[in-house]
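For reference, the structures are reproduced in the following blocks.
Paired with subunit B in one complex and with subunit C in the other, subunit A is shared by the two complexes that follow.
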Partner chain A sequence: MASTESKSSLIMPGEETSTCWSCGTMRAVHFCSACGKVQPPVPVDYFAFFGFPKKLNLDTAALQKEFYALSRRLHPDMSAQADGQEREWSLEQSSLLNDAYRTLKDPIKRTQYLLRLEGVELEEQSKQATDKARASGELKKQVVPPDLLEEMFELNIQLEELRAQKNLGEDDPALLEEIGKAKLSLEQNHDALLAELKSDWSRWDKAIDKVDDQERLKIRDHMVDVLNRRNYVRNLVRDVNEAMESRP
Partner chain B sequence: MATDYIVGIDLGTTNSLVAYMQGDSPVVIPGEDGLSLVPSVVALDEKNQIIVGNAARKYLIETPERAVYSVKRLMGRGVEDIQQELKFFPFRLADDMQAGEVLRIKVGDRTYTPPEISAHILRQLKRNAERFFGGPVTRAVVTVPAYFNDAQRQATKDAGRIAGLDVLRLVNEPTAASLAYGLDKKKNGIIAVYDLGGGTFDISILKLHDGIFEVIATNGDTHLGGDDIDNLLIMIALDDIQGDLKLDVRRNGEAVARIRKAVIEAKIALSSQPFTKLDVELPGGQRYQREITREAFEELIAPVIQRTVAPSTQALKDSGLKPEQIDEVVLVGGSTRIPKVRQLVEKLFGRTPHIDLNPDEVVALGAAVQAHILGGGSDITKEMLLLDVTPLSLGIEVAGGVTDKIILRNSTVPASATQHYTTQVDGQTNVAIHVLQGERELARDCRSLARFDLKGIPPMVAGIPRIEVKFLIDANGILQVSAREQRSGQEAQIEVQPSYGLTDEQVESMLLESYDYAEEDFRQRQVIEARHEAETILGALAKGKKNQAWRNLSSDERRHIETLERALVTVKEGGDYHAIRKGIDVLNEATTHLAEMMMDTAVSTALKGKTMDESDLGEGPQTGHPVGKAEFE
Partner chain C sequence: MSYSDKVIDHYNHPRNVGSMDKSSADVGTGLVGAPECGDVMKLQIKVNPETSVIEDAKFKTFGCGSAIASSSLATEWVKGKTIDEALAIKNTEIVKELALPPVKIHCSVLAEDAIRAAIGDWKKKQEATKPVAVQAAH
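Right, the complex of A and B next:
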């Protein structure tokens, strides 16, 4: 995972007071509102880059619109005729813009990013992390949600059986049905977690509006828990799909 | 001024083209022979002069060891990854090639790296454009397959530099095609570009939104194309010849080259006919003949074209879209002329593909559009912006030989990622970083891009230095790396060892001497051009004088025109092209009224129902087209 930006010195667009390097007038954050020249990047978090508050319910249509509008200003194509220094800034600004847009447009990535800004190190439960641990022979620490423990244990045995059968070219409809049922239940579980996360977003945004730090920390920890469970369940569903798909 | 042109170049596996934006539409610039396609063939003639394009093709047959084709397949690759190519292509490596070294190909008794061979093709295109404009061309946009990795892109950029071109941007071929497609459509929606060329396959899915061309997902195979179909047919022919004629011509370069030429013709014929005949005269006088039906051909190529399915499905999956959400499928590349390929695309996307565009030219035309945008654009392009993606994930090797992905595929470029490193031993001043590209989990299964050595870290206790390394993929899809030791604030030095590329020094030493466009030579061309134009306008005026309209001019006006006419005749013989151009301009200006009256006469004649005299309408004074039909040479 790419490291997050520095948490200090957040500058909101509009608070910027410096002047344009080219024409000397007051400028907007990323480009000069008077002469249009790209400005040196200022270290801000992804939300601030777009001038958004650090809230989790985000109008993605507005985000896309802003992304396109800023792209028209900051993309290196737009400063192909400019001098070397401005082209350099344009490259940096535009990569920052793309990184920010990619992170914020996806609600899960957005949540993970915000939690990292809040100082939480999320567990890496991606497929990549799992495979990486497997390949390097490390044991990956993975906290199994207790209520899922039994279900998961059973499912793993069934998947092992399925793989063994597949190798022998056999087919057991009863086993398939069992696994299918387990998968359905996992998917329901996943949907429920997502719904929980969504209600957290709204609670978070309210806590931000009310500047309620205690409430904010409570929701933060809850979101970490929900995200970890969701990742866990999602990985299981993926394992099931892989085992089913690779059948002869 | 003509010198301001930025051209768009499609550097293809089989053919290459150069195009530019003429007014509101991109056009392909023809070569001296009047043809727009320049075959990507480079040969050495008897005098060891480099020959490129159509003229080089005969060497493929006559002296195959002195000619190279499909060199694009070798760009940015090492000797260990081209073993497969060597089985099917007559590439001859230098005898002293070492593993890990940039490839060197034998042409006659010389050796060239793939970027140098490509540079010769680029220089030919540059010359074609310079002849067309009558001025130097130094800046270009060059297209690459979307699925090209960093090394292949870098090699293409190097080729440009060697050819004396400043490559302002590398543009992905399917994306360039979408620009050409979108320019006249001006529609919003989702399009898929299926690009099967001579040697590469790309699939890209784009969102068109008010002039923004946003690539959502791309995939492909940089070693899949028409070449592979040719090779299958060649194999069959070689087997037949061995079986029927008891001849083994596998090692006979000339025989294989003749067979290759014949199978390509057969392949093309089978796109429009149900069957065709292979007829090859072998060296030694024997003939090989065989009839091929389209049915047999389609069965033969099925495994090749089937290889486009997995990348297409993956791109769709990555885009998060279903086939029915694609509004239009655009076909690019010569191999999409094969009916079976079209059927496959139709099945994949559930709709009839768009075939209005010339699949050979559309990439170069799109490159010209992008060149125009980079040059500042005009009304027609000012709303257009390309947002492309990186086709492959970027990773770094971590403990256990595992790839840690830091920029995922299909991320919009420029894209960046920051990583932090520290030292393992007290006083350590260097840290090595291995950068990889690819989707696999293990470093050894990914493409090694480069090894970076961070040097000059201030000696500290192990684990204390905090080195921030920034990886940035620029708009060309090429990686840039910078590093900083955060505790001391020192910029760490980075030493790059590209895994398959040329160093800057090597590129410098390869720069082609640009003697052929020296100052004096160029001035002469300008004069010849201007003279040609002067003759055109004088000829038109001579015709105009016979027209009724001439007599309708005031005598003052006639006298004024004739003075300028005599002046131009005189100045035309001199060697000052500025003076000739000036003479043309003033005469042109003075005869505008005459031209208008001639037009009126022609129109009124037509209104009276009389037959129009062609010479009345078509020959008003005009400035000649900048292309002086290759009169100089």
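Right, the complex of A and C next:
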């Protein structure tokens, strides 16, 4: 059994007033560090759940360690002797723990989650921009750059052709070669975007350290842009792979 | 989630699929995309320069059934309308007509964006080809 002095029993900022429902004296987040009882879940973000700062370069080894330690102690079986209420909290905390871990361990999901915390609502913002364009008569700025859209469109046409040929049992080596080239360029594009995103993570973390709100917003918007493009490129690579693999 | 009958109808029998000459002066092209789902939508209009009436519209969309239905419906709706009338089309009207569920509202937004982008492209061409006429009117 892990020591009760694990990092997860630390008190979170803003929670200094919460006391253990059972022994009433200790302050706790997941469980009481005095009597060990599971505490009712409090609405915290996933970073705070693990006691991490809202930074993007995350120590995944520490995250994993913390996850296992918490899993053992929050698991509903651990409170099998407990009353119904504590067991319920235990279940809720465990499912929160799993969601938080799954989200934070994946760097892309972690970034997307952080952006949501930072008020980025892609769909809602796109809808608002359209409403604004309708009202003002100005053109809406598209989130995906036109040249990338053009490339996507062309490649989609080629993929459609490839599928049609496949259905007829035909094979066009020239088309395959072209699609293969496009795929390679997409993969390079994808890698470049990932590198860009990684440098954003470090810039973000620095901005958090320096409490530079202006810089933070700038990087936030840049990450949204990079993620949007990456989404597109990734989906297309997937489509290309599917179209190529399903060939007879 | 299941598609409405109207979405299925447009999906199975899309209206006005095709393309027009992008470089033609009376053709406006709108190419838009939704990164959330990876959809790409191209909508083209052919406008009568005298009357500003949209005489023809074509589309080609790579995306889900709702995106295809939204753009198919958009081409149906803009045909015969003036530029100004077409600019008044709201995505919420597409949502209503196709009974799109909340998770597919972005498809209707994309279709409205495509109409606007196509009209914007046409207007830009008009301005570029008619600088002399505009000045002469002053």
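By definition in this document, the second predicted complex is superposed on the first by the 210 of 248 C-alpha atoms of A that agree within 3 Å, B and C clash if a C-alpha of one lies under 4 Å from a C-alpha of the other, contacts with A are read in each partner's own complex, and residues count from 1 in each chain.
FYI, a residue touches a chain if its C-beta (ideal position, glycine included) is under 8 Å from a C-beta of that chain, and two chains touch if they have at least 3 such contacts.
Since the model is a prediction, treat every value here as computed from it, not as a measurement.
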Checklist entry - For A:Gln165, is the partner it touches subunit B (first), subunit C (second), both, or none of the two (neither)? => result neither
Next on the checklist: I'd like to know which partner A:Pro146 touches here: subunit B for first, subunit C for second, both or neither.
Outcome noted: second
Checklist entry - Regarding the shared-chain residue A:Asn231, is it in contact with subunit B (first), subunit C (second), both, or neither? => result second
Checklist entry - Of the partners subunit B and subunit C, which touch A:Tyr68 in the superposed model: first, second, both, neither? => result first
Next on the checklist: One more residue to check, A:Asp77. First (subunit B), second (subunit C), both or neither?
Outcome noted: first
Checklist entry - A:Asn156 contacts which: subunit B (first), subunit C (second), both, neither? => result second
Checklist entry - Who does A:Tyr101 touch here: subunit B (first), subunit C (second), both, or neither? => result first
Item to check | Shared subunit A contacts, counted only where both subunit B and subunit C touch the same residue | outcome: 137
Checklist entry - Within the complex, which stretch of subunit B touches subunit A? => result 168-169, 209-210, 212, 370, 373-376, 385-387, 398-407, 411-420, 441-442, 472-475
Next on the checklist: Show me the residue ranges of subunit A that touch subunit C in the complex, using the header's touch definition.
Outcome noted: 122-123, 126-127, 130, 133-134, 137, 139-140, 142-144, 146, 149-150, 152-153, 156-157, 160, 227-229, 231-232, 235-236
Item to check | Contacting residues of subunit A [partner subunit B, same complex] | outcome: 1-3, 68, 71-72, 75-78, 80-81, 91-92, 94-96, 98-99, 101-102, 128, 131-132, 135-138
Item to check | Of subunit C, residues touching subunit A in the complex | outcome: 31-38, 40, 42, 60, 62, 87-88, 90-91, 105-106, 109, 112-113, 116-117, 120
